[in-house]
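Note that subunit A is present in both complexes that follow, paired respectively with subunit B and with subunit C.
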Partner chain A sequence: MLEAISFGDTGWGDEMLMGAFWTVAVSISSILLGLVIGIIFAGFKLSSIKVLNLIAEFYTTIIRGVPELLVIYLLFFGGGGAVMYVAKIFGYYGYIELQPFVIGTLAVGAISGAYSTEVIRGAVNAIPRSQFETGSALGLKGFRLYQKIIFPQVARLALPGIGNVWQITLKDTALISVTGLVEIMRQSRIASGSTHEPFIFYTIAIVLYLIITRVSNIVFDKAETRYSRGFVKRKIT
Partner chain B sequence: MRFELMYDSFFKILEGVPLTLEVVLISTFLGFGLAIVVALMRISDNKFYSVPAYSFIYVIRGTPLLLQLYFVYYGISQFSFVRESILWPILREPFWCGIITLTISTGAYSAEILRGGIQSVSQGYIESGRALGLGRVSLFFRIVMPITIRQALPAYGNELILMVKASSLISIVTLMEITGIARTIISKTYAPVEIFLVAGSIYLFINFVITRLVKYAENRLSIPST
Partner chain C sequence: MKKINLIFISLILAVSSTIAIAGDWSKIRIGTEGAYEPWNFTDSAGNIVGAEIDLANDLCKRMNAECTFVQQDWDGIIPALTQGKYDVIMAGMSVTDERKKTISFSKAYMTEPARFFTLNSSPLSTFSSAKNLNLDDDGSATAGTISSLNNALKGAKLGVTVATIHEDFANTYLDTDLKIYPTQDEMNLDLAAGRIDAMLCDVGTAEAFMGTAGGANVVTFGPNVFGGPLGEGVGAGIRQSDKELKAMFDQAIADAAADGTITKISMQWFGKDLAP
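Let's turn to the complex of A and B:
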């Protein structure tokens, strides 16, 4: 049994760690994509243009009301076709096959983006109007106003919510094992198939996820403390 | 868009709705019972109860549901003593493995929701109940639980929607519910967008009905404002 989880050619220890690496890698790229989507769609939701409101509402309702697995199937079976369709417009007629990592990032990023949209929208809404007014009184306009006054405050208010989104995103990456990316889930399936020790490998997978969760909790706590410098910590009773 | 295909597959996918609802209803019902027990253990002053409850919630919330499903379906059945036990007829079935996994999962998430609700019941109510001579059990079921349910209902409504979405994972262990049928049709017809729209609308409709029902229950339970 120890041989099965040892490192090197005979054991699966190093492969499992590699799986953990891919889980973290695809989670990070997904949450980054999700944050970009979130900032754009939060802007849409807060905009005074009705069409943009509708588009953003449509997107978040669908993603949050439909199973993640279905979204992943849509991207997995339809993602390549969509990219080729766009490529045709630009005059490229060849066959394009997307890598599992790219499909995974697109799918989980799209899911993560819907949750980030709500978090960011909530954070922007929580900033008092006077902050915007003070900014423009100081002569800051458009992007500068957001860069100097609004974003730093949004970051602080959104951080706990983004921590939750990270947790959801990390767990959603397990689903992209169906697309063939060898992350923790798929690696433990392969390993347990070849050694006939599913119990051990799924237990290792559980431990790996818990370690990643623990480490990311510590990182987010640190970041929250850092962004809350200058604020008195409210004590409840 | 292939509308004819969408029309045909709509009725095919609809056949998966009963299984989805069955799995969600059974595991939500069992999970609620589990959640009450775990929540009470979690808020207990006795470490002997609170530490296992806390660890249970931590492990379940920190790992993907798919992994939990694989653990139950493939991991546990590895051992011959499990295969020889009287539980084997249950653990052998993908259906019951799905129910067990979803029950455990919703049990952990709902326990946290219930804990928040229970802790929000003010001390005054509990003291009043005691003054009326209620014992521990009837105090819990007559005073604490009704207030908790009212408090926790909005969050619990979200959990119900998450359960409907989570039930799609059982398609991976060969059960043909909505997502399972949708996947089969996609791989046969190669029309991912059309099938996604059809299956997605069915899920959105189910979740819409749940949202309405929870809203209705909220209104019924809320204290009329004066």
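Let's turn to the complex of A and C:
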């Protein structure tokens, strides 16, 4: 038991913490990528241009309708194959490895982006039409209108949903262990397969995931409070 | 062309590349799981160790190659080989016909054979025969061992588990009365209770049972059985196109088996001889 949590060459504590670091690193880069995707595709969905609607609809339907593991397999094995195929056209016959971190972030980011798209679209739709009209009446146009009037309100409405997407993203990172990135899940599998102590190491994994979730909940609560200044917290009475 | 390559590669963010020139096997990348003690696993300092790691290092020395290990989750270990993430799989992988459809294998470097088990009170426990029964060997020794087995088992009830390589073997080579079980556990219990006279199964699973109180009276008899329908054992997975590399591994494995290196490594990690 002590070996499972002690640090240095005799224990697994440092390896497990390193795994937690990679889980957090992939989760944060994925959710950021997902938010960028989400903002762009929410714009597509709300656009009056039909083609953009279709592209966004296609993306969210495919990603949300297909198991996450399949998306990761497709990007990891298919992505590498596609890159090498293109390289061959240019006369390069070697093996090109896409870094597990990059491919994992792309895959999980693409998944979280689809959910973020819907959350942001819903939040923008929930903002009263009059806010846009008032903004225009004040002489704000385009980007300035969104920056000053719409975005702060979207943030308030989208944050609870984005908090959900974050939790999904955090757990999806467990699936990218197939790419060879040693995050919490892969590290626990290595440790339990090497020591025949699955119970101890999977329990440590649970604790690590719960710590990350708890800390991120605190951050999201703080953010929600900040963006809800001036609003009364409604409670069902 | 070189210039285009460079432009192309720099276009893709954070792409690392390694050039494998066909036919040059001075550098070999070996893919392993690193989570299958004692075959290949990770120590608490993060090093990959195990029987297959020792063996791979030995084989590479024989092939004058510089070997590096690449860790890959068991899921996706074959696709990563065919795609070129590494050149060889050494991950406790049994050679099976199903896998042979996708990749080729070197000759087996270790086998966990099947054996017969009975109670220590049974007359079968004193049966003696050749150490090994290789079903791929068509010689007279093989036929002799099979017929002496059939003589010893005459009138006995032999247990096997359903739809296994062991059932295939018993159906093909033995004319004893078979009792077929859905699981190893049920077969274990019936052997201990004396409902069957003997059972045929993998050494590892039976030894696990023999270590428990219920299996304390169980003993093994007869030869190590392998080859034929029992498969070839654990081998190195290699891309079907790399015929030259397969030949190099076959040669190195044959040499390592002949001079006792595999036996030595096997005794060190498994406490028994799994040499082919």
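Please note the rule applied: the second predicted complex is superposed on the first by the 220 of 237 C-alpha atoms of A that agree within 3 Å, B and C clash if a C-alpha of one lies under 4 Å from a C-alpha of the other, contacts with A are read in each partner's own complex, and residues count from 1 in each chain.
Just so we're on the same page, a residue touches a chain if its C-beta (ideal position, glycine included) is under 8 Å from a C-beta of that chain, and two chains touch if they have at least 3 such contacts.
The shown structure was predicted, so the numbers you read here are calculated from the model rather than taken from an experiment.
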{"item": "Contacts of A:Thr203 with subunit B and subunit C, given as first, second, both or neither", "value": "first"}
{"item": "First (subunit B), second (subunit C), both or neither touched by A:Phe77", "value": "both"}
{"item": "Partner chain in contact with A:Asp9 - subunit B first, subunit C second, else both or neither", "value": "second"}
{"item": "Partner chain(s) touched by A:Val66 [first = subunit B, second = subunit C, both, neither]", "value": "first"}
{"item": "Touched partner set for A:Phe220, first subunit B, second subunit C, both or neither", "value": "neither"}
{"item": "Which of subunit B and subunit C A:Ser177 touches, first, second, both or neither", "value": "both"}
{"item": "Touched partner set for A:Phe90, first subunit B, second subunit C, both or neither", "value": "second"}
{"item": "Partner chain(s) touched by A:Phe151 [first = subunit B, second = subunit C, both, neither]", "value": "neither"}
{"item": "Touched partner set for A:Ser192, first subunit B, second subunit C, both or neither", "value": "both"}
{"item": "Intersection of the subunit A residues that touch subunit B with those that touch subunit C", "value": "73, 76-77, 81, 177-178, 189, 192, 196"}
{"item": "Contact footprint of subunit B on subunit A as seen in their complex", "value": "61-62, 64-71, 73-74, 76-78, 81, 167, 171-175, 177-178, 184-185, 188-189, 192, 196-199, 202-203, 205-206, 209-210, 213-214"}
{"item": "Footprint of subunit C on subunit A - complex, ascending", "value": "3, 8-12, 15, 73, 76-77, 80-81, 83-84, 86-87, 90-92, 94-99, 101-102, 177-178, 180, 182, 186, 189-196"}
{"item": "Subunit B to subunit A touching residues, read off their complex", "value": "58-59, 61-67, 70-71, 74-76, 78-79, 161, 164-169, 171-172, 179, 182-183, 186-187, 190, 192-193, 196, 199-200, 203-204, 207-208"}
{"item": "Complex interface listing, subunit C residues touching subunit A", "value": "1, 4-5, 8-9, 12-20, 33-37, 41-46, 70-73, 75-76, 79-80, 83-85"}
